[in-house]
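Several structures are given next for inspection.
You will see chain A twice below: alongside chain B first, and alongside chain C after that.
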Partner chain A sequence: MELFTNQVLAGIATGAIYACMALAVVMIYQAIDHLNFAQGEMAMFSTFISWQLMQWGVPYWGAFIIALVLSFVGGIAIERILFKPLAKAPILTNVAGFIALYAIINSSAGLIWDFTIKQYPTPFGSSPFLGSQLISTHQAGMIGVTVLLLIALYFFFQYTRIGLAMRAAASVPESARLVGINTSWMIALGWGMASAIGAIAGMLIAPVVFLEPNMMGGVLIYGFAAAVLGGLTSPFGAVVGGFLVGIFENLAGTYIPGVGNELKLPIALALIISVLVVKPAGLFGRHIVKRV
Partner chain B sequence: MTTLLNVKDLRAYYGQVQALHGLSFSLNEGSLTTLLGANGAGKTTTLRAICNMVRSTGGIEFDGKPLNHRSTESIVRFGIAHVPQGRGTFTTMTVEENLQLGAITRKDNAGIVSDIERMYAHFPVLKQRHTQQAGTLSGGEQQMLAVARALMLRPRLMLLDEPSFGLAPLVVRDLFGILGKINREDKVSILVVEQNAQLALELADQAYVIETGRIVMSGNAKDIANNEEIRKSYLGY
Partner chain C sequence: MSAAEDVVTEAPAVEAVPKRAMTLGTGTSLLVLLLLIAVPLFAKNFVIFQLTQLLYLGLAVLALNILTGGSGQFSLGQSAFYGIGAYVTAVMMEQFNVPYFLCLPAAAVVCFGAGFLFGQPALRLSGVYLALATFALATAMPQLLKLNFLEHWTGGVQGLVVTKPDAPFGLPMSQDMWLYYFTLVVVLAIYIFSVNLLRSRSGRAFMAIRDNEIAASAMGINVALYKTLAFGVSAAVTGVAGGLSAIAVQFVAPDSFTITLAIQLFLGMVVGGVGWLPGSIVGAAFIIFVPNIAEGISKGLSGAVFGVLLFAVIYLVPHGARQVAILGQQLAGRLRKN
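This part shows the complex of A and B:
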C-alpha cells in the first residue's frame, strides 16, 4: 500500500510538470490552431538562462523571476518575428516553422552551454517532506508551485479584462475584433504566457532530469499526451490530463511487469493513440465543427 | 442635419471577384437607415467594408474622418458597433461576459456596471440568463444579446446585419420595436441591412435599395414603401 501511495504522489509531482507543458501547448493551440513542437526546447532554453544567472551569482528566486520575464518577452518575440508572418500560411509551412524553431533553439543551447549534463539546484531541498518517506520536499515544491500557478491563471482568465479579451480572441476572433480587441496582440500575449509557463516547468523538472539541451524531449511528449487526453480545446482538461498521465506513467512502470523505466515513454505514446481512437476530442474537449 | 456616415464610390473585392461596384450613400446623425436588396446584392459586403473586414476602395468617412485603411478593431473605437450576420455570439462564455466584452474598449468601470443593468432592463430575458452560457440561448435571445453587446460600446452608429434572420415573426416585431426605441431614446444612429423589406421600411426613416453591388433607389422610407412599382420590381412584396 505504501508503494502505491508513494507512486501516486510521485506521479502527481511529475504530473504537475506535464500539466504545465500541456497547458502551454494548449494556450498556443487555442490561439493559432497549431501544436508548438518547440515548446519543450523553449522551456529548456529558459532553464539554461536561469542556470547561467545562478552561475553568475544571482540567487535562485532572483534567477527564477528574471528567467520568467525573459521567457515571456522571448515568447512574444518568437510570435512577432516567426509566426505572425505565417498566420495565413498553410499548415505544413507552420509545421516546418516549428521544426526549424526546435532545431535552432536546441543547437543554440548546445553551442552556448555544450551538451554535457549539468546539475540544477532545487530551492526546496530533497529531504523527506514533513518527515514522511512518501514524497520529497522538491516533489512537494513542484506540486505547490504548479498549484499556485494554476490558481493565478484561473483568476487571470476569469476575473481580469485582459484575460476575458484573450479568451474572446481565442474563441471567436472575428467577433473579438468587432468589439475592439486587438486579436493579433492577444495571440502574442498567449505566446508570452505559454513560454513563461513552460519555463516554470523546465526549472522545476531540471533537478530531476538534469540540465542538458535534450532534457525536455520526453517531458514534452508526456505534455502532448496530457493535452490530447484532456482535450486540446480545454485548458482545464490539459491540467487534469497532466496529472492523470503522471500517475498513470508511474503506476504502469511499477505494476505492469516488463514495463519498468525503459518502456514508460512508449506507454505515453500508446495513450495518445488510444485516446485519439476512442475519444478524439479528449476527456474535456469540444468537438470542433467547421463549416466548409 | 449633419451627415454621420458618408460612403463614396465604394468598391469591394473577394479575391478576384468584385462584389460592390461604386456604391455611394450617406446616413444622417440620429437616423435609422435601411439597406435593402435581394440575396447576394452586396448588403453584407457593404457593412463589412465599412469595418474594413473585406478589401475595398473608395471613400468611407465617419463624422468627417476617413475610416479607410484602419484596422477593424480601431474602427470600433470611433463608436461604431457592428452586429454581424449570425450574431457573432461568444457561445462558450456567459451572457454577462458577452456584455462585458461589448464594453472592452471602455475604461469607465462604474459606467459599464450601470450599462449592464440598463441592458437587463431593456432585455429582461438576459437578466434571467446572465450566468448561462450564451450558446444555450435561443436564436431570438442571442439576437437580443448581440444588440445589447453592441450597445455596451455606447456607440454613435450601430450596424446591424439581418437582425430578423431565422427568428419567429413575433420575436422580430419585438426586436424591431426595441431598435426603434434605442434609436429614439438613446440617440444611436442605426444602419440596418434587411431582407424583410416590409418590416424594415416600417421602422426606418431613410432607405436605399441595392442590386448587384449598386444603389438603384434611395429616398424616404415611407415613399418607397408606398411606391408599388418599386416594391414589386425590387422588394418582391
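This part shows the complex of A and C:
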C-alpha cells in the first residue's frame, strides 16, 4: 500500500507538469479550434529568454515577468504575421504551418543557445516538501501555481467582458461578429495568452527536465494527451487530465511487468484511448452536437 | 472537415474548364510517366536510388491521401503500418527465404488486417481525438518492434539486413535500376487501382462520409464498414510502400519508423494537395529534397530554413500542388479561347 501511495504522489508531481502544459494547449484550442504542435517549442523559447535575462543579471521574478510579457506579445505577433494570412486555408494546411513553426523555433533556439543541457533555477527551493521524499518544494510550488492559474483563468472567462467576448468568438464566431466583437483579435489574444501560459509552464518545468531545445518534446505529448483526456473544451478537465496522466504513467511503470521507461508512453496513451472510446469528448468536455 | 470545404470551393473551378483542357492533365501525366521511364537510363545509381525513394514515399503519401482526402479521417499513425510492411517483407525475405515479389502482397494483407482492426476503435473518434489515437500507434510501434519475444525474427534493436534482389532473366541492368523499374510497376498499378477505387461506389461512399457523416448514413451508407475499410486499404498500400522501402534501403530497424516519418508523410500530403492523388508524388519530392536543400543553404539552421520553405509553399498555394494544377488548367483554357 505504501508503494501505491508513493507512486500516486510521484505521479501527481509529474502530473503537475503535464497539467500546466495541457492548460496552455486548451487555451489555444479554445481560441483557434485546433491543436498547436509548436506550443511546446514556444514555451521552450520563452524559458530560454528568461534564462538569458538571468544570465545578464536580472533577478528571477524580474526575468519571469519580462519573459511572460515578451511571450504574450510574441504569441500575438506569431498569429498576426504567420497565421492570420492562413485563416481561410484548409485546417490541414494550418497544421502543416504549426509543424513549420516547430522546426523554425527549435532550430533557431539550437543555434542561439546550442544544444547543451543547462541548469535552471527554481524560486521554491528543492528540499523535501513536508518531510516527503517524493515531492520537493519545487513540485509542490508547481502544483500550487497550476491551481492558481486555473482559478485565475476561471474568473477571467466567467466574470470579465473580454473573457466573455473570447468565449463567444470561439463558440459562435458569426453571431459574435454581429454583436460587435472583433473575433480576429480575440484569436490573437488567445494565442498571446496560450503563449504566456506556456511560458509559465516552461519556466516551472525547466528545473525538473533541464533546459535545452528539445526539453518540451515529451512534455508536449503528455500535455496533449492530458488535454484530450480531460476534454479539449474544459481548462478544469485539462488540469485533472494532467494529474491523471501523471498517475497513470507512474502506476503502469510500477505494476505492469515488462513496462520500462520505453513502454510507459504507449501504455499511457492506450489507456487514454480506451477512455476516449467510452467518452469521445473527454472526461469533462462539452459534447458537440453535429447537424447535417 | 477542411477537405469538405475544398471540394465545395474548387469543384466549380474544374468544371468551368472546357472538356478539351482535360487533355492538358492527360498530357502532363504521360510526360511524367515518360520521364519516370526514361531518366534512370541516363542517371547514376545514386540518382536512381533517390528516384526509387521518391516512388515508394509517394506511394505512402498516396495511401494517406486515400484515408484523409478520401474518407476524411486524419492519421498520424501511418509510420506504424509502413513499419509493419517493411518488417513483414524483411522477415519473410531473410528468415524464410521467400522471394521479394511475394513478400509485398503478404505485407499488404497483414497491414490491411492491422489497419482494419485499428479502424474499429478509431470509429468512435474523429478530428484531434483520432489524431491522438493514431499518434499513440505511431509512438508504440518502434517499442513493439524491439520487444524481446519478437527478437528472434526481427533482430531487436539492431534490425535486419535485407539482400537486394538481382535483375531476373539475365537482364543487363544494375540492381538499383531493376529495383527502380520493379517499384515503378508496383506503384503505377496501385495508383491506377486507387484512382479507380475513389471513382467507384466505395470511393463515393468514402467521400460522402468525409463531407457529412450523418447525411451519408441517412443515404444508407454503412459508415462503420467504409470507415474501417478506408483504414484497411490505406494501411495495405502503406505496407507495400514500407516493403518496397525495406528492399531498397536493404535494412530495417525499429527507429526508422517513428512519428517523424508519419509527420513527413502528412506534410507530403498537404504539399501535394489533400485528396488529389497525382499530388502525392509532388509531396514525396518535397519531403525528400527540400530538407537537403535546406541543409545546403545553412547547416546550423537547416530546420529553420525547412520551416521557412514550408511556410512559403503553404502561403503561395494553401491547397498544395493541386492548386497549381487547377491554375494551369484555367490558364490553358483561357489561352485557347483567345
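Keep in mind that, in the parts below, the second predicted complex is superposed on the first by the 275 of 292 C-alpha atoms of A that agree within 3 Å, B and C clash if a C-alpha of one lies under 4 Å from a C-alpha of the other, contacts with A are read in each partner's own complex, and residues count from 1 in each chain.
Keep this in mind: contacts are C-beta pairs under 8 Å (C-beta built on N, C-alpha and C of every residue); 3 or more make two chains touch, one makes a residue touch a chain.
If you're wondering where the values come from, they're calculated on a predicted model, not measured in any experiment.
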item: Chain B versus chain C as contact partner of A:L82, first or second or both or neither; value: second
item: Which superposed partner A:L276 touches (first chain B, second chain C, both, neither); value: second
item: Broader residue contact with chain A after superposition on the shared chain, chain B or chain C; value: C
item: Chain B versus chain C as contact partner of A:F224, first or second or both or neither; value: second
item: Chain B versus chain C as contact partner of A:T122, first or second or both or neither; value: neither
item: Touching partner for A:R177 - first (chain B), second (chain C), both, neither; value: first
item: Which of chain B and chain C A:A168 touches, first, second, both or neither; value: first
item: Overlapping contact positions on chain A, where the chain C interface meets the chain B interface; value: none
item: Chain A-touching residues of chain C, taken from the complex the two chains share; value: 1-3, 5-6, 68, 74, 121, 124-126, 128-129, 131-133, 135-136, 139-140, 143-144, 146, 212-215, 218, 263, 266-267, 269-271, 274, 300-308, 310-311, 314-315, 318-320
item: Residues of chain A touching chain B in the complex; value: 161, 164-165, 167-168, 171-172, 174-183, 286
item: List of chain A residues in touch with chain C within their complex; value: 29, 34-35, 82, 85-86, 88-93, 95-97, 99-104, 106-108, 110-111, 221, 224-225, 228, 232, 262-263, 265-266, 269-270, 272-273, 276-277, 280, 282, 290-292
item: Contact set on chain B toward chain A in their complex; value: 51, 53, 71-74, 76-77, 81-82, 84, 88-93, 97, 100-102, 104-105, 149, 153
